[in-house]
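Consider the two complexes below, in which subunit A is the common component and subunit B and subunit C are the respective partners.
Then we have the complex of A and B:
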């Protein structure tokens, strides 16, 4: 009796650029492009039973509405899919992975994110890079990324992960890597869940949470992101804050001066202060460290949407929910 | 039973066998459920058995030496079949294989195993103790059939890898190219010294065949260990 193929939901939200058999660029701009795009990779259907779902076009911006759409599709298919692959734009892949990590906490099915090496169909500034990729790798990397992602969707991973090049990286550890055209993502603490060498090797004893699976579908985009430079005064018009529901400040200092602390208190908004290495606590803000900046931002967006009470917001920001705090 | 003093060719055979055995164990520990690892591990394990069979055939007297010299034909088919399945699954399967193909391979393999075990393929064995060589007399027709079967399996494997090389992209392209080169090297020289020359009764270079499995092992070792990314929870 033939072994039943695993069923994989393939969500397409940009990052779909590849070279077809005539070496022409092909991307999914709307739902009508999906079948032709998939026909360029017939080997995918040998590896799994794929159900593609169009989310957004190659040139569309990834917004919180797109994230919520992805989350809804995953949520609606949890019962009938063995795993999920999300193809999304390179520049937003880490944030998309983090959003899904906070939305689907302790999920028991794999969510793998991947992309082409190049996103968007504006090739003007990308010609050199595209030609280099064509010469060295014969394509833009999406085909091999998808195949690797398909081969690992039945592995039990602790959370969403990015499959790109030779690496499988946890969403909470992923950072962009600008020094390598094969591996455009890296782990900020040099820890990988899997690697592609001679075959695909997944770490054998990945730590899984024992907590219950929970879904938090909302994400809030109304946050103000500031970067603090020690010694440089803040000059922020208070009117700006009317548009936002929260603030996150990245600082390289380990403490904030009194003047800035007073300003924070006057905003009357949830405020998150971030410094990777650590920062002294202040009144009126929750301080976090030991996670990536992307994780801090996405967590703030997620917490603001799901916890309206300030005390709950502050509490959940300090909790290590999906392994985002590694230090 | 006596064992002759190890000469250079015997030493080389033992080294080739050990390298293949180490690689077989190393790769199976990477994860046997992964078919790439499984079939490559089998390939190197059969290389080990082939090299050791040659070694014992050249160095051991009597029944054990004779059977070692004959049974290498079964191990060689094991090599070819493992390589074929490896080429199907490495780095991933791109075509569905017709089940009839598997049955044909199974039937032919069983036929040659049976022919070897009941002394139909190899009719006579003689060991030259002075020069450390053994000589075999084959059923001519069966030997040609065997050679064609072996070479066909190898050619299928190489065609699989060439097809994948042409159609694949990304990191796999380089991996397939390197492996293809060393596999072709192994096939050409292994077949020349251990199949072609033996047709003409020239057995003194048989020991060279297993040495040409070493480049393939080194490439596999490189592919496994060149990726310095650490697997950990983080």
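Then we have the complex of A and C:
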């Protein structure tokens, strides 16, 4: 009955909380925890040869340095792995997936991201939710998420995806779902790459890019993120901009008033103006719409790091690189 | 009893397994029905008692189902044709103390296939999990019965629910017809 098992690299960056056989909480806080943690799920070995790599602990913040570490590990193992699974913190999973999508453009191997339904070991404010999950699902969801993620790592997907609950969601379409404790992520336009029943049914007509695979490893976190409220004046001290290399502004308005436009022009920085539904162009900023806010922010961070010339930055921000613009 | 059945071979043996399970009244869930719990449960095995796998090769789907069933504490029964080697991973899971009671691997020939399944179903019947109090049952009672239960609970210093469960267990054990039914449950007429 010998069969060749796929080799999967399992990168651990938080989101690892699970209940062990004695119903005690277990998480990976440092590299020494990995073996014991993995031994709680021996059934995973049926599906793949798993090589775990510790990236960061359960209670560590996910920072651009962590993203770059994940990217380096994936890049270094492209030749010897059949696919990659990244386990990371719930609150940052979408951003992590997006970062990997922009870093590894048109990658031919799958990168699946998943997590436990609870992240972090500060249980004080989570007792009710944890008990509800234990009663309803018998655990925190990580085992079945990992089993499903392992099952799809040899499927050809157009880019990184999040496997959580019963859904496989493209990174560029993923949003947090606060109304469902089974599916804590959803697709903002209700389009899913796959759904789980007894197995994962991958959508048949997924569009794959024909472009060459490219890696862009840098991420620039020195961006100022602002939210504009129409009618409310901005009062931004110019000194602040010395710390930043770019600005992204989210607005619900479809145009920006003259006064704000003048301020934008005075900053002398790359500026991205975002409104999901659309916004009138202005001098001194690139306007984008039709993507999630998370995708807009992550793309700005990525573009700032990889395109130093303003014209190149503006151009690439408008391009639909990884399917981030769905409208 | 509900059982998920998967065969990687789809040969005459798999048809025999399916036919036998149906004959003894087992509700089979399989791929042809598209599974159940399509309403987005993360526990697709839900109320199923076990997974039965039959086949020469542990294909990707079998591996997935076995992993999922074990992760949800379900019994897994692997039926392999005589002469086959056990997949290395299955063997190591069998050796794992967490799974060795729930993962059963049997080699069969045509002549004893039914017997193997019969023996497995009997172990399911006897299994500890069937004695777990995990089914919520709503029972309307009269005031007279309620008064009696309150009185009895105090008299024997036992919660009402425990006393009632014990009484029902006694009734089951003393019901000869039912005991005979359990004996014959998985037998079929040749």
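Criterion: the second predicted complex is superposed on the first by the 326 of 327 C-alpha atoms of A that agree within 3 Å, B and C clash if a C-alpha of one lies under 4 Å from a C-alpha of the other, contacts with A are read in each partner's own complex, and residues count from 1 in each chain.
Rule of thumb we're sticking to: a residue touches a chain if its C-beta (ideal position, glycine included) is under 8 Å from a C-beta of that chain, and two chains touch if they have at least 3 such contacts.
Please read all numbers here as calculations on a predicted model, not as lab measurements.
Asks: Looking at the overlay on subunit A, is there a clash between subunit B and subunit C, or do the two fit?
Replies: Clash.
Asks: After the superposition on A, what does A:143 contact: first (subunit B), second (subunit C), both or neither?
Replies: In the superposition, A:143 touches subunit B and subunit C alike.
Asks: Between subunit B (first) and subunit C (second), which, if any, makes contact with A:173: first, second, both or neither?
Replies: A:173: touches subunit B, not subunit C.
Asks: Who wins on subunit A residues touched, subunit B or subunit C?
Replies: B
Asks: Now for A:194: first (subunit B), second (subunit C), both, or neither, which partner does it touch?
Replies: first
Asks: Contacts for A:56 in the overlay, against subunit B (first) and subunit C (second): which applies, first, second, both or neither?
Replies: neither
Asks: When the two structures are overlaid on chain A, which partner does A:323 contact: first (subunit B), second (subunit C), both, or neither?
Replies: Once the two structures are laid over each other on A, A:323 reaches subunit B alone.
Asks: Touch test for A:207: subunit B only (first), subunit C only (second), both, or neither?
Replies: The answer is first: A:207 touches subunit B but not subunit C.
Asks: Touching A:5, do we find subunit B (first), subunit C (second), both, or neither?
Replies: Once the two structures are laid over each other on A, A:5 reaches subunit C alone.
Asks: If you lay the two complexes on top of each other, which residues of subunit A touch subunit B in one and subunit C in the other?
Replies: On subunit A, the residues that contact subunit B in one structure and subunit C in the other are 42-43, 46-47, 137-138, 141, 143-144, 147, 151, 165-166, 182, 196-199.
Asks: Spell out the part of subunit A that touches subunit B in their complex, as residue ranges.
Replies: 19, 42-43, 46-47, 137-141, 143-145, 147, 151, 165-167, 170, 172-173, 182, 187, 189-203, 205-207, 323, 326
Asks: Which stretch or stretches of subunit A touch subunit C in the complex?
Replies: 1-3, 5, 21, 41-47, 137-138, 141, 143-144, 147, 150-151, 154, 165-166, 182-183, 196-199
Asks: Along subunit C, where are the residues that touch subunit A in the complex?
Replies: My answer: residues 4, 29, 31, 34-35, 37-38, 40-44, 56-61, 63-68, 70-73, 80, 84-90, 92-93, 96, 98-99.
Asks: Spell out the part of subunit B that touches subunit A in their complex, as residue ranges.
Replies: 27, 30-31, 34, 36-37, 40, 90-96, 168-173, 175, 220, 223-227, 229-234
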